[in-house]
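In what follows, a structure is listed as structure tokens, so that the remarks can point back to it.
The letters A, B, C and D name the chains in turn, as written, and every chain counts its residues from 1.
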Amino acid sequence: MTNEPLAPWQWPEDRWRNRVNKVRAGKSLTPPWPDNKRCAFALSFDVDHESNELRDGAKSLSRLSWGQYGQRRGLPRVVALLEKHGVTATFFVPAVIAQLYPDDQRAVRDAGHEIGIHGWIHELNSILPPDDERDVMMRSADMLEKILGVRAVGMRTPSWDFSDATLSIIREMGLLYDSSLMADDDCYELLEDGERTGVVELPVEWIRDDAPYFWMSRFEALRPHIGPKDVLDIFMREFEQAYEEGGMFQLTMHPHIIGYRSRIWIVEELIRAAKSKGDVWFATHEQIVRHAATAL
Amino acid sequence: MTNEPLAPWQWPEDRWRNRVNKVRAGKSLTPPWPDNKRCAFALSFDVDHESNELRDGAKSLSRLSWGQYGQRRGLPRVVALLEKHGVTATFFVPAVIAQLYPDDQRAVRDAGHEIGIHGWIHELNSILPPDDERDVMMRSADMLEKILGVRAVGMRTPSWDFSDATLSIIREMGLLYDSSLMADDDCYELLEDGERTGVVELPVEWIRDDAPYFWMSRFEALRPHIGPKDVLDIFMREFEQAYEEGGMFQLTMHPHIIGYRSRIWIVEELIRAAKSKGDVWFATHEQIVRHAATAL
Amino acid sequence: MTNEPLAPWQWPEDRWRNRVNKVRAGKSLTPPWPDNKRCAFALSFDVDHESNELRDGAKSLSRLSWGQYGQRRGLPRVVALLEKHGVTATFFVPAVIAQLYPDDQRAVRDAGHEIGIHGWIHELNSILPPDDERDVMMRSADMLEKILGVRAVGMRTPSWDFSDATLSIIREMGLLYDSSLMADDDCYELLEDGERTGVVELPVEWIRDDAPYFWMSRFEALRPHIGPKDVLDIFMREFEQAYEEGGMFQLTMHPHIIGYRSRIWIVEELIRAAKSKGDVWFATHEQIVRHAATAL
Amino acid sequence: MTNEPLAPWQWPEDRWRNRVNKVRAGKSLTPPWPDNKRCAFALSFDVDHESNELRDGAKSLSRLSWGQYGQRRGLPRVVALLEKHGVTATFFVPAVIAQLYPDDQRAVRDAGHEIGIHGWIHELNSILPPDDERDVMMRSADMLEKILGVRAVGMRTPSWDFSDATLSIIREMGLLYDSSLMADDDCYELLEDGERTGVVELPVEWIRDDAPYFWMSRFEALRPHIGPKDVLDIFMREFEQAYEEGGMFQLTMHPHIIGYRSRIWIVEELIRAAKSKGDVWFATHEQIVRHAATAL
């Protein structure tokens, strides 16, 4: 507050109006689902592995080993489960992780999944200078393309940390979509300073993320504070109501969080529940966004 | 403690006595419920939306998008649910939110609900200078009246943050009631410095609030740390015992917290349980206060 | 660590040995229970009310109102429940609270319960200078005697915060027992610097305390993070196994925590379970200590 | 960050590659289990008692008494339970605790259990100067040998805090194994700077540790935040899936955490479930490591 002459309750009207309008949900993009499907089912995995710890300075060998678990055990379990049920999903991969494990990413691509941008080293956009943010995002997209041979069309900001510069960089890069914001249950068009951008937001939510429930940080107060059965209950309620409403069910997970023996079954239960409906569209984020964009 | 020559264990008796008496519960206001009803059922929704983040400086676009979820999805779900069951409730709305979404507030009013004061931009009263607190509270009441055409009769302090000046401002404004303190299960008269004020308190409790259970703050240790079934269990026990005692069941919720697919059902279950009793009075806070005030 | 030339891993042996021996559990005091009872059942209530907030400087009127809830609603519910089942318990009361509500304490005494010392204003002993600690403890004991006409024989340190001076003050005061430490499930004799003191410890545990599960602190990360059913499950397992072992089941509660509509039933379920055994000794802390002391 | 000219997103490639390679999982060591067993069941107990508090400066007598509970009640319960079911386990003991309670350690040894190194006073390796870490680890191994007459072959770093120097010290000491890292579900060979070390890692996980669920710290936000039934559910799922996969189930516990009346049953339920399979290998960490090492 030191450089802030006015406290928020003293702000003039245009200040809070402009701030709310900086990046904002516009038109809801809810065309009927293809092939008479009633509901869309969109799984995503943020393949962070060691990058969380690298981003924080990589002091802890313990946490680096946790990250490696994601690569050795978590990701294979996730990929095998998706293959077992014939479900495609979207994997957001920091460029450093793609370079550490390029064969993993190619195998994911070859299995029919989408790979999206997830920053360079899981940096927090809001503490980067805008030029650095632009630079690392460009580098990240190029590196993924170099490794995979395809250009990513969508991005998820690391830690869903969307800076004031992020949307203009997305537009400059010509991306189809972002998946980091949370103003709706369904896709929507992003507005920047009140103007249409043509960029689709495929929204996320902490409620539908494995990390808030299961994260462990030894020297903070973060613990895996509810059990896997309760997490399944939450995810299932989100799905069942999405189905009732004919909307989209989107989930964010991480191989080094969900990929444990005591947790991976949650994903399988969700897939089974969705399969049993008979009219659920299992799709990558890109597929959903391309479909939603027809309503722009 | 730097400006504090005496530690609390050294305080003279009048110091702790005066402090306890500053604002305090007086007479219990428990006339029989109207129409031979056994129990009162008082739902309230604090329509904070983006104002939590604005109050904190509005740095995070992610949290602003979370607030917008409250407006796009949360509030419509809440209003539709209340309409479905024919239940009226009270909505406390910060003045900035009322200005951002005036049509929403008018629709809520037109549906028969009460709208109460909830500060200007969800400011924390206890860190405002008293003159600023008085000014924003006056401005907030005027703005709500300008938008809605009716003068609010009650207030809930944002974050239930009741300053040393709050009660005298309430009295100056001639409000019927406050709903931010927690000294009882039933309505009571507020005493200021030991004297009667005629102001009714309709008490709240963190136990009967959705935020303590479901709040998420990425860079703090706050997480949605119990599941929705457990939250329903707590609320239901509060209601069932209120019914047993012939008292009041009061609940505080927020569209951007309770309004999710995996949570909104909690409110419906509570309404159903109360309806099934046959002798529960569904009322706005204002209705309950006007009734309670007959016992002043 | 600024005044500490040696880190703990560099300490000489006598340093850690002396520290461990400063205050320590000695002889287990486990005579057979009287009247062929198999298990002792010892409920205690720390009647803190407003004193937690007073101790912290009393800035928040909201938290003072929470404390008053303990007096208006919590304590009456607790006392009525105990009377309903004919169970006696021990109430530890800060002297400031006893002065604010002397009639409450006399009514508790008249109902056959024990009242013990719980500091002056719920101060933290470990941050008091030893002379101040001694002074407030003496004042507290005198004040309780003045109000109640009986001299307390036991003490529970506020927040179980047992300073280096506490035990010597207890001995100087000639108290029979302390109930703030946790080295055993059963009563034991306290050793000071390796020597017997004749003071009985009736041990507590955070596991058998309502506060760790239900505490709420708006501006910290403390929340009521598990549901009442899970708390009952924990308490019941502690009791059932105490019964199996023929030991003591001790519980610490607070009127402003357990005394809510959604929680008070936990105590009743425990009492019912214990009553149904047929051979459980419901006793005050003093009764148990006087019995245990026969094994000194 | 003060001495850090480059932020992580600016690091050159060799910096993050070298950091990830500092200590890392190499070859998976998964020979078939002996005697046609399908799954290995490896219980471990970190016998920390008072050493957690000593490590932090030993200010709190309350927490020292908690530690003593581990010695008086927790450890005897654990040992009796293992004896009842004929299961052997591994106990990691800080040298200071071994000196405080040498008879306990000898009794554990005589019951057929393994005793491993767990630091001197539960120090955090990552804040020790490397020479101090080397010194205390050497002292710890010598002290255990002096008390027990056998040389420990494995180590668990206190708090799983594995410093940059830890692995080279392990190698210098000629230890067979470490059990502090978490890159896999099964044993693996540790690589240091990309080179094989011959040291086996028997991996741990916070998911399979009692402390993250049950820890209590009065003046932090750490609480026992899920109930024992939920903890059993997590452990059981880890075990059942380990059995399905034919892998290893490893668990880390602490006498002063798991050894309470309301928790010890969790261990018994796990043992019963494993026994009922008929083809589970109950083994100490050393036994498993010696077997795994045949695949090096």
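Rule of thumb we're sticking to: a contact is a pair of C-beta atoms (placed from the backbone, for glycine too) under 8 Å apart; a residue touches a chain by one contact, two chains touch by 3 or more.
Note that the structure is predicted; figures quoted are calculated from it, not measured.
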item: Third chains touching both subunit B and subunit A; value: none
item: Fraction-based call for subunit D against subunit C, same above half, different below; value: different
item: Turn needed to bring subunit A onto subunit D - CA fit, degrees, nearest 5; value: 90
item: Length of the line joining the C-alpha centres of subunit B and subunit C, rounded to whole Å; value: 34
item: Gap in Å, rounded to a whole number, between the CA centres of subunit C and subunit A; value: 48
item: Contacts with 2+ other chains: residues of subunit D; value: 221, 225-226, 230
item: Contact footprint of subunit A on subunit B as seen in their complex; value: 50, 54-62, 64-66, 68-69, 72-73, 96, 99-100, 119-121, 123, 128, 132, 136, 216, 218, 221, 223-230, 260-265
item: Subunit A to subunit B touching residues, read off their complex; value: 1, 4, 7-11, 13, 16-17, 19-20, 22-25, 28, 126, 159-164, 166, 180-185, 203, 205-207, 212-213, 220-222, 225-226, 230-231, 233-235, 237-238, 241-242, 245
